[in-house]
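Following this message is one structure expressed as structure tokens.
Here the chain labels run A, B and C in written order, and each chain numbers its own residues starting at 1.
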Amino acid sequence: MDNLQNVMAGFEVVLEPTNLLYCLVGVLIGMLIGVLPGLGPAATIAILLPLTYGIEPVTAIIMLAGIFYGAQYGGTITSVLLRLPGEASSVVTVLDGHALARQGKAGTALGIAAIGSFVGGTVAIVGLTFLAPVVASFALDFGPPEYAALALLGILLVSTIASGARVKALVAAALGLLLATVGRDAFTGTERFTFGSLDLADGIDFVPVAMGLFGLGEILYNLEERHRAVHAPGKVTNVWPSRSDLRESSGAVTRGSVLGFFLGILPGGGATIASMAAYAAEKKRAKDPSRFGKGAIEGVAGPETANNAAATSSFIPLLTLGIPANATMALMFGALLIQGITPGPQLVDQHPELFWGVVNSMYVGNILLLIMSIPLVGVFVRILRVRAAILAPITALITMIGAYTINNSVFDVLLVVVFGAVGYLMKKFGFEPGPLVLAFVLGSLLEESVRRSLLLFGGDPTGFVTRPISAVLLALFVVVAVWPLVQSARRRRPAQAPTPDREEASV
Amino acid sequence: MRLAHRRAVAGATAAVAALTLAACGGNVAGGTGGTEASSEFPSGPVTLTVGQDAGGSTDLIARALADGMSGDLGVSVPVVNRAGANGAVATQEVAGKPADGSNLVLLNASLITITPLAVSEDEAVSLDDVDVLKGLSQDDYVLVASKKSGFEDLDDLRAASGEVTYGTTGVGTGSQLAQAVLFAQAGIEGTSVPFDSGSPALTAVVGDQVQVATIQLGEAKPQIDAGNVVPLLAFSAERNQFLPDVPTAVEEGYDVPVSQYRALAAPKGLPEDVKARLVESVDAAVAEDAYTSFNENNLLTPHEISGEEVVEEWTALAEKYQDLTAEYDISLAE
Amino acid sequence: MTTAPHPPDPEPAVEPTVEPAVEPEAHDDGPPPAGPLANLGAGLVTLALGVGGVVVSLALGVGTPAQPGSGMWPLVVSVGLVVLSLAQLVVGRAGGDGERFTRHSWMPLVGLATLLGLVALLPVIGFEIPSLLLSLVWMRFLGGESWRTSVVCSLGAVVALYLVFVAALGTNVPHLF
């Protein structure tokens, strides 16, 4: 078929030495950047955009794509080692990943993350190769009602993910939802909870919240806790997951790939929901859900696979429809425009070597990442051996300066400090930051989608059920919400078994 | 023991190196050689602040311009993104910096002409706060319909009045203004559905989640070319060179010219010679092939008028929009 | 058998791994759990936030369910927060989770103060000096490291930060040098 020829041609393009070199450079830079909190792939690509002026379009995009998924992996590293989620989709990884690191199993966590990411990315690329047009039109059918249903499902999952006191987790989630409303209302232009500050007019960005609550909060907490008991730095005992770890995670990886691939296509937020769904799915499937939050390997494998698959499949709307799915894709869009190439429905026909070159570079990039992570994991894990008293201020400083680079604003740095204090207090009082941050991310999606849907329906909410996709999602929501209740009822039923018989006999 | 020793030496060397870097000069207010003499402009890098996120059209324009200016001025022109409130944050920040030519901002017309209609007085930015150096380009809005809606021209849209949902790129944007005024003038009733930016609005209309939407031409063109959306009309004053077959709103009899313009500005009070030098470098930058082909690729129409003309134009537009919204009783802020 | 006394090696910053086998984390019990008073306090704080949210939302204008105003959603969330806070106040009466403030709790406070100081000084004199001071305070006073280690590591950290953020990446962080 024509396609197969193009795919082969694409590989030829990628394996050209220049492109291969730029792929390696991109992945390496991406990984290093991903390790720096605050400096996300979007900012990095913006900084490196001038570098792309002088080189071929294919080469430029290969490098930028490499930076993108390299940064994903770098973000995983900080999530596991330093409890700092680099992106919304890494928040879930922090839960079990960092717990594993504290048990001295950072290598296991990072290794599984690398393998899972590789598998997820590869599955997504294969899917992209064969299913791109089909899947892209599916993304177009996702309108505001579908997003609303999805966000609702996500909020429900948030409570599943929490491992501590239920009510406190819900309170944290409610706080997260409230925090998401800060800023200018997208529908009426009214300022909500901004108290006149122009900096808050656009709302609060995810990164300062996550960096503050998770990163600084933990650092401040450790300042106190360290002195209570002399904390031996986590003794790093293994650098690679064991065979049993791999076996345990295989199911999670498979499920995560599929979830991530499909959810990643949805413009705006697919990757986060994918990682949450993967985590929740693993937790529900597990025979002993209480392991989650304390170092369950599936809790790292599932989400990491999902978010890498999602990151890869988020290229699909860009390359096939010309619609960027997130901020980084928007930058790639811009980069392509600068090169004189307009991504869109015609890209595949007009520039097949570009399309396939980029797609195939992802295979290569994923392999490079996996190969590089073998020695690098050992290096990164040694960071944990540095004495806490020295590591803490360095981490704090990197976090603060990284926060500045988000939007060149001191206000963001202040936000990080404020949320750091909040994170410390939350920890002292027994509230988990996870539900707050996840609800925060989903909150604006939920509100805006519901309001848009109501506008589309003219105020009539039955529209949610008459549209096929949103009806399915809402049904899923009901199922997921009701399932635990059904399960606990079922567990009680054997004790009542005799009664139905008697009733039947009397009928 | 030796390890610590080596570390100490390394640390000391590093410290010395750091101090020698002091000669490089920092970027803290007052830290730069804030000289009285503008004799040697430019004496350091010229920072161009953009009030939008990286990757958007405003940002790309800034980068293309910075590239060219850097070549002409002989110093680096780094682009700094400072998104917030449609550019209000960046503009206010730069307006507060010393007017010595080392800080510039890329202005969006919509911030001056349209946003004030949707936000409170103290958040609106006025052109009085800055010195406009030069106009750059014009980006037109085009009203597109989804394929499934079956609309081919404005009459079809009018026939569907009452059942129409139209997407906008946000509150206080040209997209919202253009459609609100057009619909009011043409007597079309529809429900406005705001999205966060052009991209989701375009996606929605491609997927027929809304029937029509007004999008910036650069974003919409690939979809138009692919046949996924149908252009109904453009909101420019004259027919757009990239869409020669699409009528303008003015042609159809509706007085609603809405376009996005970009211009370069600096803090108020720039010395005349610095201003002249900067304008010179802009002229050099926009004349270059790289810039002109950039405009073509992004479907931007060059609009390189002088700073005074920009102020005139934008002030007139702001007044016009104020009158239009008052006349048709439209409130952008709902 | 006595060995000639010799000055102890200054501790290297990186501790070598001692044991090859997995060692379960020394399970310290943590500070005593926060008592019912702390839970009450936390519950009251979130309750206050919820009530505040309700007030502001109503002021923003709620609109009708068919035509929601900008205050509708914040109102829904704030009411939810109030309800959940009340539930928490009831459920958490016994206390039992969270932790009590200990006598070391002033350390995070100092840490917080240094961070705020950094934020205040950052736009004025750049990041180098505030970072250096912060690092010194944390390493020496909060971390108990020796002067030499603190100074060396702090300087090294600031230089590294400069090299990464300013020299290599060319970001716009305010810097003096």
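Heads up, the rule we're going with is that contacts are C-beta pairs under 8 Å (C-beta built on N, C-alpha and C of every residue); 3 or more make two chains touch, one makes a residue touch a chain.
All of these numbers come straight from a predicted model, not from anything done at the bench.
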### Query
Taking each chain's centre as the mean of its Cα atoms, which chain lies farthest from subunit A?
B
### Query
Which one of the chains is closest to the middle, using the mean of its C-alpha atoms?
A
### Message
Nearest whole angstrom, what separates the Cα centre of subunit A from the Cα centre of subunit B?
### Response
30
#### Entry: Centre-to-centre distance between subunit C and subunit B (centres being mean Cα positions), rounded to whole Å
38
### Task
Express in whole angstrom the distance between the two chain centres, defined as the mean CA positions of subunit A and subunit C.
23
### Summary
Note: subunit C residues in touch with at least two other chains are 13, 123, 149, 153, 170, 172
### Summary
Two or more other chains are touched by the subunit A residues 185, 187-188, 190, 408
### Task
Identify all positions of subunit B at which a residue touches two or more other chains, and write them in rising order.
80
### Query
Across the complex, what residues on subunit B touch subunit A?
53-56, 59-60, 63-64, 67, 80-85, 88-89, 92, 118-120, 122-123, 165, 170-172, 191-196, 199-200, 202-204, 206-207, 209-210, 218, 221-223, 225-226, 228, 293-294, 297-298, 332-334
#### Entry: Contact footprint of subunit C on subunit A as seen in their complex
36, 39, 44, 47, 102-104, 164-165, 167-168, 170-171, 174-175, 177-178, 181, 185, 187-188, 190, 192-193, 216, 219-221, 223-229, 232-238, 382, 385-390, 392-394, 396-398, 400-401, 404-405, 408, 410, 413-414, 417, 420-421, 424, 427-431, 443, 447, 450-451, 454, 459
### Query
Where on subunit C is subunit B touching in the complex?
9-10, 12-13, 123-126, 128, 148-149, 151-153, 155-156, 158-159, 162, 170, 172, 174-177
### Query
Once bound in the complex, which stretches of subunit A touch subunit B?
42-43, 45-46, 49-50, 53, 139-144, 184-191, 196, 198-199, 201-202, 267-268, 317, 321-324, 327, 330-335, 337-338, 340, 342-346, 407-409, 448, 452, 455-456, 458
### subunit C residues within the subunit A interface of the complex
13-15, 17-26, 28, 30-31, 34, 38-39, 41-42, 46, 49-50, 53, 56, 60-61, 65-71, 73-74, 77-78, 80-81, 84-85, 87-88, 91-92, 97-99, 101-102, 104-105, 107-108, 110-112, 115-116, 118-119, 122-123, 127, 131, 134-135, 138-139, 142-145, 149, 153-154, 157, 161, 164-165, 169-173
